[in-house]
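Paired with chain B in one complex and with chain C in the other, chain A is shared by the two complexes that follow.
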Partner chain A sequence: MYDPTVARLTYRALLGRRRALILGALPLLLIVLSAVVRAIAGADDQTAADLLGGLALATMVPIIGVIAGTGAIGPEIDDGSVVYLLSKPLKRSTIIFTKLIVAIGVTMVFSALPTLLAGLVLNGNGQQIAVAYTVAALVSSIAYAALFLLLGTVSRHAVVFGLVYALVWEALFGSLVPGARTLSVQQWSLAVAQKVAGGDLVTSDVGLTTATVLLVAVTVLATWFAGHKLRSLTLAGEE
Partner chain B sequence: MTTLSIDHVSRWFGNVVAVNDVTMTIGPGVTGLLGPNGAGKSTLINMMGGFLAPSTGSVTLDGEQVWRNEGIYRHIGVVPEREAMYDFLTGREFVVANAELHGLGDKAAQRALATVEMEHAQDRKISTYSKGMRQRVKMASALVHDPSLLLLDEPFNGMDPRQRMQLMELLRRMGDEGRTVLFSSHILEEVEQLAWHIEVMVAGRHAASGDFRKIRRLMTDRPHRYLVRSSDDRALAAALIADLSTAAIEVDLAEGALRVQAVDFGRFTALLPRVARDHGIRLLTVSPSDESLESVFSYLVTA
Partner chain C sequence: MAVEQPTPAPVPVQGDQTRIHNIGYRSYDGPRLGRAYATRSLYSQSLRGAYGLGRSAKSKVLPMLLFVVMCVPAAIMIAVTVATKLKDLPVDYTRYAIFLQAVISLYIASQAPQAVSRDLRFKTVPLYFSRPIETADYVRAKYAALASALFVLTATPLLVLYVGALLAKLDFADQTTAFAQGLVSVTLLSLLFAGIGLVIASMTPRRGFGIAAVIAVMTISYGAVSTLQAIAYTQDATGSVPWIGLFSPVTLIDGLQTAFLGASSSFPGGVGPGHGEGAVYVLVVLGLIAACYGLLMRRYRKVGL
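What follows is the complex of A and B.
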């Protein structure tokens, strides 16, 4: 199911100089901003929840997910180098599963870890806010990585579609239109965070059970479909 | 003994038919897949390599379906035309990764690198490689598991003459060892130098198949057209038309040239300079006017 060579090739491509800079920029911004807010406003639980919810979970995690998820396979399909993986006696599902694991790992490192650090800087994990949002970031990393890996497999414009989804659907509709919230990875992960925090500062529009089922279903279905697409992937000639 | 069978294979993209009802069998030795650009060679090679599903027909390797059969890659080595590799790796890392994906280790990678004589540059990043070096590392990655079928799509594109010779030598050796080697090319001379057997594709169709010399003769026996400018076109025309090697000569006044149709290519090319010298005529231009591959191939199709 998991191939260490595919994993090595994937994370080395993902953490190439330029992409690593983009991956590192947003977390750095979050931590710097948290330090500034803490210095100006002091330790405030509501401020911490607003910043982690609005910037970390609603914006940073999906964007990192887009970069890691689509970047784990999209460029290889675009430039044709995926042929070196496809011309091996290797199950397509193994390729997808391995790339998913790498994409999840990268998304978690570049989004959940900075979320925890930012939370600690903001209010020292008061009311479990830092841990709650970190758990939400971890959980949503899995679903985002799977969704955007699928997008990278089916579309040449995966990054654009991914960003539109992340910014328009998750960040805008997700916070404004009630119906859209039910179909939002962010809300599902917030349901898990709500359970962890316990208080009123972290809330979700979706129940924990529904959220868990949807998170698992989206991850499994997206991964299965990505494997299916890779199996039928055709490499057209240059003629 | 590995045999690749293409049985009534067609492939279309929307309304465009890229490969049209092709049937051929590729056996051990070196086979050249020859055809002008856009003839459907890459599409056919992609189907042979299992990277594209035929719209109709089947591609089998020793009776086993190629499409959607990952296990088949234990026997197939692929050298794609596209340049993209994993440029951030060194040549050695790339070949080792390819070996590992076959369940093999360092030893196999080193052997493949030695076969293509790339050990000297194996620790350099692929991004710093010349076209020829990239091609050789691609070869190493395809040879790492000692495949019985080697598919190469336009392997000589962009290579300098020395690199070309080295690769030809290598492919010749692979063929001599009993492997089935198929390479595509749109350059007649490349195929002539290397292939024992050729398959010609024109406009998606299988135009000719067989021994290279026979097909080459078909190609050279067709009427050749030349544009000739000289110090005395009329006198030259009169002298040339008397010989059996020419079928027609037109004095093109607008162009200030002769349009010669030669039926015996070899005899005409020997005759022209001799006649010119004997009559004291200076030849200013002698250029073939229909030597494009497309015209050669279209002649083949109608032959």
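What follows is the complex of A and C.
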């Protein structure tokens, strides 16, 4: 199911050259910002929850997820070099699974780890806030990576659609239409975080059971469908 | 016109026997349209391309969709104003673009890489420069095209609001002044956003990566600045709120129009910059636009050579 060579190639495509620096700029900004906030406001649980929830989980994790998820397969399909990979005696599902693992790993390292650090800087893990949001970031990393990897195989404009989902659907519609929150990776992961934190600082609109079921379902279905798409992939010319 | 030789010559052909035959090609001696014409063509092509005109149906979907999303709220507001006979528009002309900044960011993120990244990736930049245009012409044409596209995107809903307001028989002088202020604001916004988008997009030949980078700069900076402002406001450090606003494109425009264009600020508590701080805003905005232009010129100085 897991192929180290494909993993190495994907990893290099994602982090090779200057890309790791650009991916690393976002988490760095979060940590710097946390330090600034700590200096201005001091250790405050509500502030920490706002910053981690508003900036880390709502903006940074989806963006890193889009970059890592679509970047794991999108460019290869785009420039046609994916045929060299597909012509190797590897199962398509193996390729997708390996790329998913790498995308999840990259998303976790560049989003969950900084979230934990930022949380520790902000209030030293008071009320378990840092850990709760880190767990949320870890869980949503998996779902986002699977979802955006699927988008990468389906559409040439995967990045745009991924961003439309992450920013317009989750952020804009989620804040205006309460019903949209039920169908949002962010809220599902918050449900898990709520369980971890236990307090009332981390809240979600979705129950834990629903959230877990939906998270697992989305991840598995997206991965299966991505594998299915890759099996019947037709290479289109550049528009 | 090769002469048939029954047997190949045993000795190698000498230099004086090779020659280039004149087979009747004629050089072009008609009028040449020159640099300005090529620049104008590049401008109009890029502007049309920014809305998917002259491209495949698939690439029309996103820009047109975002354009509709920009205009629909304005139409709804007009409908509400006319139906309920309001005395004023529910939203200021200047506030409109700030409300819909996510849509504008998405538009610039999707179209800036379209404008420049593909030229880099398919190595068409050298072909442009084999025409009479020069680096400055290319940069100016692309910059102007994207800024115009953004202006169309942001000014059309304002026009809808203005026409609707006049139809609803709101005060003509008030509406015209506010509309003019709104137009100045979106002009600056278009120039600033187009510059930032193009500079980032011109760094990478990968379209997808360009989109993600532009949107990251736009939304993360806005998110970070808003969060910091909210925290500064709750900590009673109200004086620092306008200064924090200098660090993201959206809040820059917001602060500028609050100081000079009679807008009400979206900053927490409505604490916009005064005239003194506003001058800094103007300087930073103009400086950023100039810096973007300079960076683009630098970027394209050696491209394709």
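Convention: the second predicted complex is superposed on the first by the 234 of 239 C-alpha atoms of A that agree within 3 Å, B and C clash if a C-alpha of one lies under 4 Å from a C-alpha of the other, contacts with A are read in each partner's own complex, and residues count from 1 in each chain.
Basically, contacts are C-beta pairs under 8 Å (C-beta built on N, C-alpha and C of every residue); 3 or more make two chains touch, one makes a residue touch a chain.
Everything numeric here is computed off the predicted structure, so don't read it as measured data.
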item	value
Touched partner set for A:R92, first chain B, second chain C, both or neither	first
Which superposed partner A:V6 touches (first chain B, second chain C, both, neither)	first
Contacts of A:I104 with chain B and chain C, given as first, second, both or neither	neither
Touching partner for A:A222 - first (chain B), second (chain C), both, neither	neither
First, second, both or neither for A:T47, with chain B first and chain C second	second
Common ground on chain A, meaning residues reached by chain C in one complex and by chain B in the other	238-239
Complex contacts: residues of chain C adjacent to chain A	55-56, 58-59, 62, 102-103, 106, 109-110, 122, 206-209, 211-213, 215-216, 219-220, 223-224, 227-228, 230-232, 234-235, 237
Residues of chain A defined as touching chain B within the complex	3-6, 8-9, 12-13, 16, 79-81, 83-92, 231-239
Chain C partner contacts - residues on chain A that touch it in the complex	19, 22, 26, 29, 33, 36-37, 40-41, 47, 50-51, 54-55, 58-60, 63, 66-67, 70-71, 74-75, 78, 156-160, 163-164, 167-168, 171-172, 238-239
Chain B residues touching chain A - in the complex, by the definition given at the top	13, 18, 37-43, 45-46, 49-53, 68, 70-74, 76-78, 80-82, 84-86, 88-89, 97-98, 100-103, 141, 153
